[in-house]
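Heads up, the thing below is written out as structure tokens.
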Amino acid sequence: MDRGIPSSQSQLETPVLELQGVTKSFGGILAVKGLDIVLHPAEMVGLIGPNGSGKTVTVNLCTGVYPPDSGLIRFRGVPIHGKPPWEINRMGLSRTFQTIRLWGRMTVLENVMVGYVRFMGSSFLGSVVRAPLARREEAKARQAALDTLELVGMAAFAHKPAEDLSLGQQRLVELARALVSQPSCVLLDEPAAGLRGELVLQLGEFLRWLLKERGTSFLVIEHRIQLVMQFCSRVIVLNYGEKIAEGSPEQIRTNEAVIAAYLGRRRGEYGRSPNGSVLARDL
Amino acid sequence: MSVGYAVQILVSSLAFGGVYTLVALGIVFIWRTVNVLNFAHGHLLTLGVYLAVVWLLRGYGWPIWASTCASLAILALVGIVFSRTVFERLRAQPMLSKVVATMGLGLIIVNAIVLAFGPRPHAFTGFLGRRMLWIGGVGILAEHVLAFGVTAGLLLVMGLVLRYTMVGKIVRALAYSPEVGGLMGIPVPRYLAGAFAFAIVLAGIAGMFIVPVTFLDFTLGDAIGYKGFAAVVVGGFGSIPGAILGGYVVGLMEGLGTLVVGSHYRDAVAAALIVVVLLARPSGLLGAGEEERL
Amino acid sequence: MRKLWPRLVRVQSLAGATFGLAMGGVVLVALGCLVPFWIHVDYYLRVLVYAMVNSVIALGLNFAVGVTGQINLGQAVFVGLGAYGSAILTQKLSAPWVASVGTAVLAAGIMGAALGWISNRLRGPYLAITTLAMNLIFYLVASHEVWLTGGPMGIRIPRLNVPRLFGVELDVRVVYYVVLVALVALFLLGRLIYHSKVGRAFRAVRDDETVASLMGVNTVRTKMWACVICSFYGGVGGVLYLLTFRFVAPSEFTALQSFRYLAMITIGGLGNLSGSILGAFFVTTVPEFLRVVQGYWDVILGSSILLILLLFPKGLGFVRDYLSQLVRKKEVEERWTGEFRLPRAS
């Protein structure tokens, strides 16, 4: 990468996910403006910012919900902007949702099994008449789903309709659905919302375990700053769709622009903050 | 084709267009407030005309104006009752359940009409009969002028009410979000029932102008329903200006289309228009695309 | 016998049924086989056959509407293509029966693919109105193009030309078994689809299409398949209809008829396969019991649909769910402590 983005990782390694100058507007309102993000293999990066700062839009852009107006998005070196969502998912980029979106009338197991679809290549006819290949795939999908559910502690609920679970439980099932296909990168949109306190820490430990065991990268949007500060090696801060700071949790904690953004100062005032050089062009 | 003939077709198309506009407006109104496609709309229209013409006018010899007003009142009542008993309970159900409910209502109405008034078609010459207006040597049916005038007047009044009165503001707010309206202390069910009843009354008025041209029989509702939906689709779903434009477009296309493909396929013009418009420009002429929310 | 039993159990478990329910189905089918020996009036038998034909059609419609969530108000078009297609090919072109049936079902399938294409461009209300318009156009063409369709009088297939099955004259008793076999086969096929990878994709699209596409489901292809299945069942239903009545006319393929199919699956419960059959039997056979009040039947049908929607939003199929709950073993529910369980070894 010739852009020399500061990173603790080796510069030679292909980033898992790379956004270059990504811009998106809705009806004339800029949601994301000239955003650069790099995510390396086996890295957990926090994406924080006040409400409406464009965090979820960023995740939507990466996963192909809508295409960016301009800019490049690469996944493991391959451009993915403009591809349909399922193709992006099948390349190994998965996600969860801010408001839980399970398929309510399907069982928990079925929900997670659908997440495994990228490894199921059998044809329509094959899967309907239960051809040997389809049957093997089905067995593998079932096993993978049960294993993943076991990891998040939800295996006992495998045969319940998803809509019968509590919100915290649904959050975990969604996590399992995103993880079942062992993606190389997962975008987590507020994974800890609705979880009890001690479970939040366990979630952090779990993600760190996945990162070490499988080399999975995570981009975590989270309002519980504690989770981000404790487990992420790097934090990116968005405000009004622009990156206003990036660095280690310690750097972010003391960054004046970030503090200003969170205290809700007006847009024009950033320029006056001593550390606000990044923001000067916003004026 | 002489100029006179062309003008006649134009005027009758505009008159029809106005009538379709009223039907389409009702459908849009119901879609925006109650959030359901009302497949009983045409049948409710038919019911209104039967009540006014066959029951009160022919049966009891009421004057046409009185019987029309009475039938509109009955239609409004039907709308309120149906909205409060059925739609109110189906609010949380998937759209298909509501669609099937309106189709069920249509089925009941059509067969109730046959049971009460028989399957025989009726003729009705309208409010003004066959009277002609002569403008510059071109003859125009006075009835058509009346239809055009009433439609335009209704549209104007409706626009003013929606924009400037409290009731109009509440209805517009509910069109955006009934839930929020409920939280703001608006008696939502009452207003939704009112909107539904109003939409049906619009259809009832439209019916009184359409019947002099077509025959009155129990299948009328199917054809009119299609045309209302065609107008809605052409204008862009859920858009009120779109419905007005769409109504006139459908009326004109039908007038012209009948000349081209023959009167056999008169009803197919609207259906074909639906398919063509939706495939070419799914958001209609004036509609805006919807953004996916996540 | 000892070896066969576990195999049978495995086959039924593949189709996702509990053992008790599968046995219930076997008993029902066995009873169905005996019915022609009890009913001696051809007319009543024909009503039952008609109910089974409608079951096939409703099953297909349920795949598009109930399972995949793609509204379709024009199922009668597919049925019409199946029935008219085979009638025209055998009568007007004297094509062999098998070829005509195949072509007719294929035509319905192609039309279904077209619907699938449309359903990838249009959503909800737009799709509903388009399918309705398709139905109107079909009806108008069928009634006006007399040279092809025989117009409002339709096409009658004289007795002589009725196909023979293994040399047996196809009277209503034979047709009964043909249709019964078709229904059972198509129902089992439906269950296989429902519980396969494809069926899961269908239901994922129904419950949340955007999320399905984000989780790797090719939603475009999925909706296409759902519509093709819907039209395939419709086309086969049309052929069976022709076989039963040896007569087609436009009045059987109106928007009203499409609505009746919708009513069947709504009464039976959206997305509930066995419910579709229940609903089809309800809508088809109940009018026969109510012949005294014939004129009122459609009013009663309309009212009962409204009542069922209001009282049992999930349709009459809830009876089956209730039965399956009785049959299913009580799961011992683990107390949820809510914890991640990382393998200790690492």
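Here are some notes:
Going by the order they are written in, the chains are A, B and C; count residues from 1 in each one.
The rule is short, and it goes like this: contacts are C-beta pairs under 8 Å (C-beta built on N, C-alpha and C of every residue); 3 or more make two chains touch, one makes a residue touch a chain.
In this text, all values refer to a predicted model and were calculated from it rather than measured experimentally.
Steps from chain A to chain C, minimised over paths through touching chains, total 1.
Here the chain at the heart of the structure, going by C-alpha means, is C. Ranked by distance of CA centroids from chain A, the top chain is B.
The distance from the centre of chain A to the centre of chain C, with each centre set as the mean of the Cα atoms, comes to 41 Å.
Mean C-alpha position of chain B lies 34 Å from that of chain C. Chain B has its Cα centroid 48 Å from the Cα centroid of chain A. Chain contacts: chain C has residues 210 touching two or more partner chains.
Multi-chain contact residues, meaning those touching two or more other chains, occur in chain B at positions 292, 294.
Residue numbers of chain A whose C-beta contacts span two or more other chains: 65, 97. Residues 63-65, 84-86, 89-90, 94-95, 97, 101-106, 110, 113-115, 117-118, 120, 122, 124, 127-130, 134, 137-138, 141, 150-153, 156-157, 159, 168-169, 172, 177-178, 181, 196, 199, 202-203, 205-206, 209, 213 of chain A touch chain C in their complex. Looking at the complex, you find that chain C touches chain A at residues 14, 189, 192-193, 196-198, 200-201, 203-204, 206-208, 210-220, 225, 271, 331, 333-334, 336-342, 346.
The touching residues of chain B, counted against chain C in their complex, run 31, 37, 39, 86, 89-90, 93-97, 99-101, 103-108, 110-112, 114-115, 222, 226, 229-230, 232-233, 237, 264-265, 267-268, 270-272, 274-275, 278-279, 282, 292, 294. Contacts from chain C toward chain B in the complex involve residues 65, 69, 71, 73, 118, 121-122, 124-126, 128-130, 132-134, 136-137, 140, 144, 210, 255-256, 259, 262-263, 266, 270, 295-296, 298-299, 301-303, 305-306, 309-310, 313.
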